[in-house]
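Before anything else, here is the set of structures, which you'll find just below.
The following pair of complexes shares a single chain, chain A, combined with chain B in the former and chain C in the latter.
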Partner chain A sequence: MPVPRQSLKGSAILSSHQIRLASTKGGVVDDSKLQKDKSVDSVVLAPKEEYTTGVSRLREHYHGTVQDDLMVLTYNHSFKPKPTIPDGVRVELKGNKHLTPAPKAPSPRHIPELVKIDIHCMMKEALVSKYNLLSGFMAIQSITGEMPEIIHSKKGVHLWKLRAGNPIGCKVTLKGDKMYQFLDKLVEVVLPRMKEWPGLPESAGDATGNIGMGFPPSAMSLFPEIENNFDMFPRMTGFDVTFSTTASTNLEARLLLSGFNMPFQQKVRFAAAAPSAATSSGPSSIDKASAV
Partner chain B sequence: MRAGAKKGASTSLNGDVRNDLIKKVLFDAPPRPAIRLTPEDFERHETIERAWKLVRQQRKQEQEKGLARKFEMMRKANAELEATSPVLFKHSQSKERNAVFPRQLRTLTDTPPKQIWNYRQPTNATPKA
Partner chain C sequence: MSSILRRQVFRAAAGSFAAVPRMQIQAIPARLTLTARSYASASAQEAPLKSNVSMTSSAVVSSTKNLIIDNTRIVAGVVVSRQPLILRDLSPFEQEYFLYQKQLERDNAAPFGAEFYFKKGSVAERRWKQQEAERNARSSTSTSSSSSSSSASASSAASKATGSEASEELTEEDRVAAMESKIEFNDRVTEADRKNDVRSLERALQRTLYLIVKKPREEHSWQFPQGGVRLCENLQEAASRELQEECGGNMDLWFVGRVPIGHHVYSHPKGFQTEAAVAVKGTKVFFMKAHIFAGQVQVDNKEIVDFAWVTKEEMKNYVSEDYYKVVEDMLSDF
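And then the complex of A and B:
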């Protein structure tokens, strides 16, 4: 009898006695074959969710350059912890202000990092026929390399001819190497080619360190995977991208993304006593800044 | 015309042949056979995975040590400045509200760019002709 093996945490082993169904991404476990191989006791490998195989350009850039600088730029020596709100107490802020999560004390472990990227596309054409969603589905899979998940409507809206449970969009979450690869493609290939895109706004971000942006259908055709076989896609669709980070403020999130060369609109500001300023104040033109 | 088919109806999904192909590629393709390993091969596989995980762990620990060291130096410097001169300390703590990395920031590449540095790039300070 073979000695029971100690497996790594996170690796999935299927022994001949256990039959666990693989995820939709991997191969289907063939029950009949497993019964035959009882004598051999061979093992089936399940696919991994996230993998780090080697060098990821943007990850190395983050750990080598951006992380250290972020630690310095986001350091606050006069940090005072906010008083914790006891359970059950409801706090109401004046005006439209929302309650934000309590900021963490500065520490070498609390440096803003990109955790995941969510890509989501909703297609109105799917209201007419659900097969119209296939184009967006295939496009997102080509762009990201991950199989998206179909989103069904939770409620029905009669005005838009939407019934509850209709497939209406698809979304995918990217982590790890694939996330950095997608970000790389965006920043190096797609964004420079977009016409008249001035950069992310200066005020971008929800207050909890995530930044979202949307793309028109024309942007989808700029991806190299789609550009090469443009005719195979019946319909180009717009999509939105959300960057989730461990940053706790908008400033930190913007700093993090700009560290990956994500362009932000920068308003030219002048000191009060600067009469020799020649250029007019306003967003600096992205055309002048050449991509290195 | 086939019996029961409406006039003008095509066999492809929503009238587009490409949708057929996409659906076939995405959903109707036969699943790949599951990878089967003998016990010895599995041991080799696990050993390699474990070794790689160990390498990554060690690298991460080194990195974290480096960061912790730098952070401690920064904290000490700030504390010393605070103790030495409150005015200077206050000025040192002021931050730019919308700070971002410069656009010219260069990420890692295997080879250098065609244009190393653009000496003729117009900046806001250069006077317009």
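And then the complex of A and C:
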């Protein structure tokens, strides 16, 4: 197949040429030539707004430490693959149960990893005037560094005076370095300053490896970006944060997040272990232990 | 690397594993019981099975008899590691790449609404303008490094002009604030690195360090801390007890699970004497993984005479070749 191969080769040369053009922007190539190629250049230079401008602290921590430990902690030494369901067979479970994905064979390639963080807010004030949404929009943009996407309502509900197609909230999906930066900020700055928050419950997780948490409007002002010019945001809004991971169980997802220093509540199960456990996790669990 | 960042890194590492073990111990007691059985005493004919692992330390009477299965002594070893405290050094290529990406990000960024974030005429606004001028000057000098000399001089002159304007606007108050907020960077190479003090935990901050101890004998003197598993004891209990006996109790440790991360089997030379009544042909060492957060080893000069915190590569110089081959794959390259 000589023809497609040639065309492939040609395209490869073209793209490498463009990259060279871009990298020698200031010096060798003069401005007029650059402007002519601008439309092509923009395609090469800005594939998306994803720029890796340095090594991420939490990513390094994950690859150097957390990954190794998760392998030890979650390795299933007696793994048996689930029998596959043949085509055309419909499995019906009793009650309110549904089929879950089969657990993957233990392997270095299946260690749980953080994939994305979704930040989402819904503002009731937007029902009165859609311009009320701008405050939450700007707040989310400030704390994540990315422009949110506006969410419109799918259905109208008369009781809430909601009509289909009204802008009602906004959301941002973070991946890569920005995701780790946000997690870092959350864990190091925001969560320690949330008063009387006992940590994520032990039951957190949706059984398929994702963990979600909600924040009250007061938590928004704890972010350093908001705190510095609090006056500019007329309405503080609560928001939801969802951590999506490749873990297949709640336990794996919780282990992964606690590897990033996310605080979790604990139940005291054994009388012998109670005093040491209570002292290690602060006043909230002491109260709990005494209550139990 | 600033001291703050270094502290943050350490706190992240310490905090994460302060958080993990709590949950680990609490969340999966049933699995732990199973693992403990299958790893420590399931195949031991003479050892009674334990009903609940977490109760053993207080409820079951501890025995000083060593655990021997199939004429093989069962031994628990500990791989104690200190995690990296600072980020690694970047390669020249990475440095260039990140610089280039930074410029691209700056060029393609959405315009910044300064009037939204800073009040007009405020100190914060002035400071931001000054910082922005500095950033612009820096990026223009770095881009013009490869270009012709005329444009470079022009851009530097321009940056100088903006810089001088900005500095004129600055008041005494701003200068004091700038001095206060100035970040001082700590050295990435510590005193222990310069003196090559392998006993210090403050060395090789970018790498994972492992604890090896020296026993008072000629052959195989350097190895991981280890000791025989007793009856009615699981591997993790044996490992933590042995570590306390050999290295003292002045270490803040967390064991990563109760499952060994590797094992080492060797047969004894002929004429090897043990105190056990049964003939013992060899030894099986199971290595448990642990992290250290604080504290240090205390040498008692009885069981061990020396210790060292070494990286994976440095370990080659201490331990025997056969031993290194066995433990090599358990150790981190970072």
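What we mean here is this: the second predicted complex is superposed on the first by the 222 of 292 C-alpha atoms of A that agree within 3 Å, B and C clash if a C-alpha of one lies under 4 Å from a C-alpha of the other, contacts with A are read in each partner's own complex, and residues count from 1 in each chain.
By our rule, a contact is a pair of C-beta atoms (placed from the backbone, for glycine too) under 8 Å apart; a residue touches a chain by one contact, two chains touch by 3 or more.
Since the structure is predicted, the reported quantities are computational estimates derived from the model, not experimental observations.
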Field: Touching partner for A:R109 - first (chain B), second (chain C), both, neither
entry: first
Task: For A:S218, select first, second, both or neither according to whether it touches chain B, chain C, the two together, or no partner.
output: neither
Message: Just checking: does A:S129 make contact with chain B only, chain C only, both, or neither of them? Give me first, second, both or neither.
response: first
Partner with the higher number of touched chain A residues, chain C or chain B: B
Partner chain in contact with A:T52 - chain B first, chain C second, else both or neither: both
Task: For A:N229, decide between first (touching chain B), second (touching chain C), both and neither.
output: second
Message: Looking at A:F137, would you say it contacts chain B, chain C, both, or neither? Reply first, second, both or neither.
response: first
- line: chain B and chain C footprints on chain A meet at residues 26-27, 45, 52, 57-58, 60-61, 63-66, 68-69, 72-73, 75, 77, 138, 147, 202, 232, 251, 254-255, 258-261, 263-264, 266-268, 277
Message: Which stretch or stretches of chain A touch chain B in the complex?
response: 2, 5, 7-8, 11, 13, 22, 26-30, 37, 40-45, 52, 57-58, 60-61, 63-69, 71-73, 75-78, 106-109, 111, 129, 131-132, 134-135, 137-138, 141, 147, 202, 232-234, 251, 254-255, 258-261, 263-264, 266-268, 277-279, 284, 288-290, 292
- prompt: Given the complex with chain A, which residues does chain C contribute to the contact?
  reply: 5, 8-9, 11-13, 15-20, 22-29, 35, 38, 54-55, 58, 83-84, 87-88, 90, 94, 97-98, 100-102, 104-105, 108, 110, 116-118, 124, 143-144, 146-148, 151, 208, 256-257, 259, 261, 289, 332, 334
Task: Enumerate the contact residues on chain B facing chain A in the complex.
output: 13-14, 16, 18-19, 21-23, 25-26, 31-39, 42-43, 45-46, 49-50, 53, 56, 63-64, 67-68, 70-71, 74-75, 78-79, 82, 93, 95, 97-101, 103-109, 113, 115, 118, 121-122, 124, 126-128
- line: Note: in the complex, chain A contacts chain C through residues 23-27, 45-46, 49, 51-55, 57-58, 60-61, 63-66, 68-69, 72-73, 75, 77, 138, 147, 187-188, 202, 228-229, 232, 251, 254-255, 258-264, 266-270, 272-273, 277, 280-281
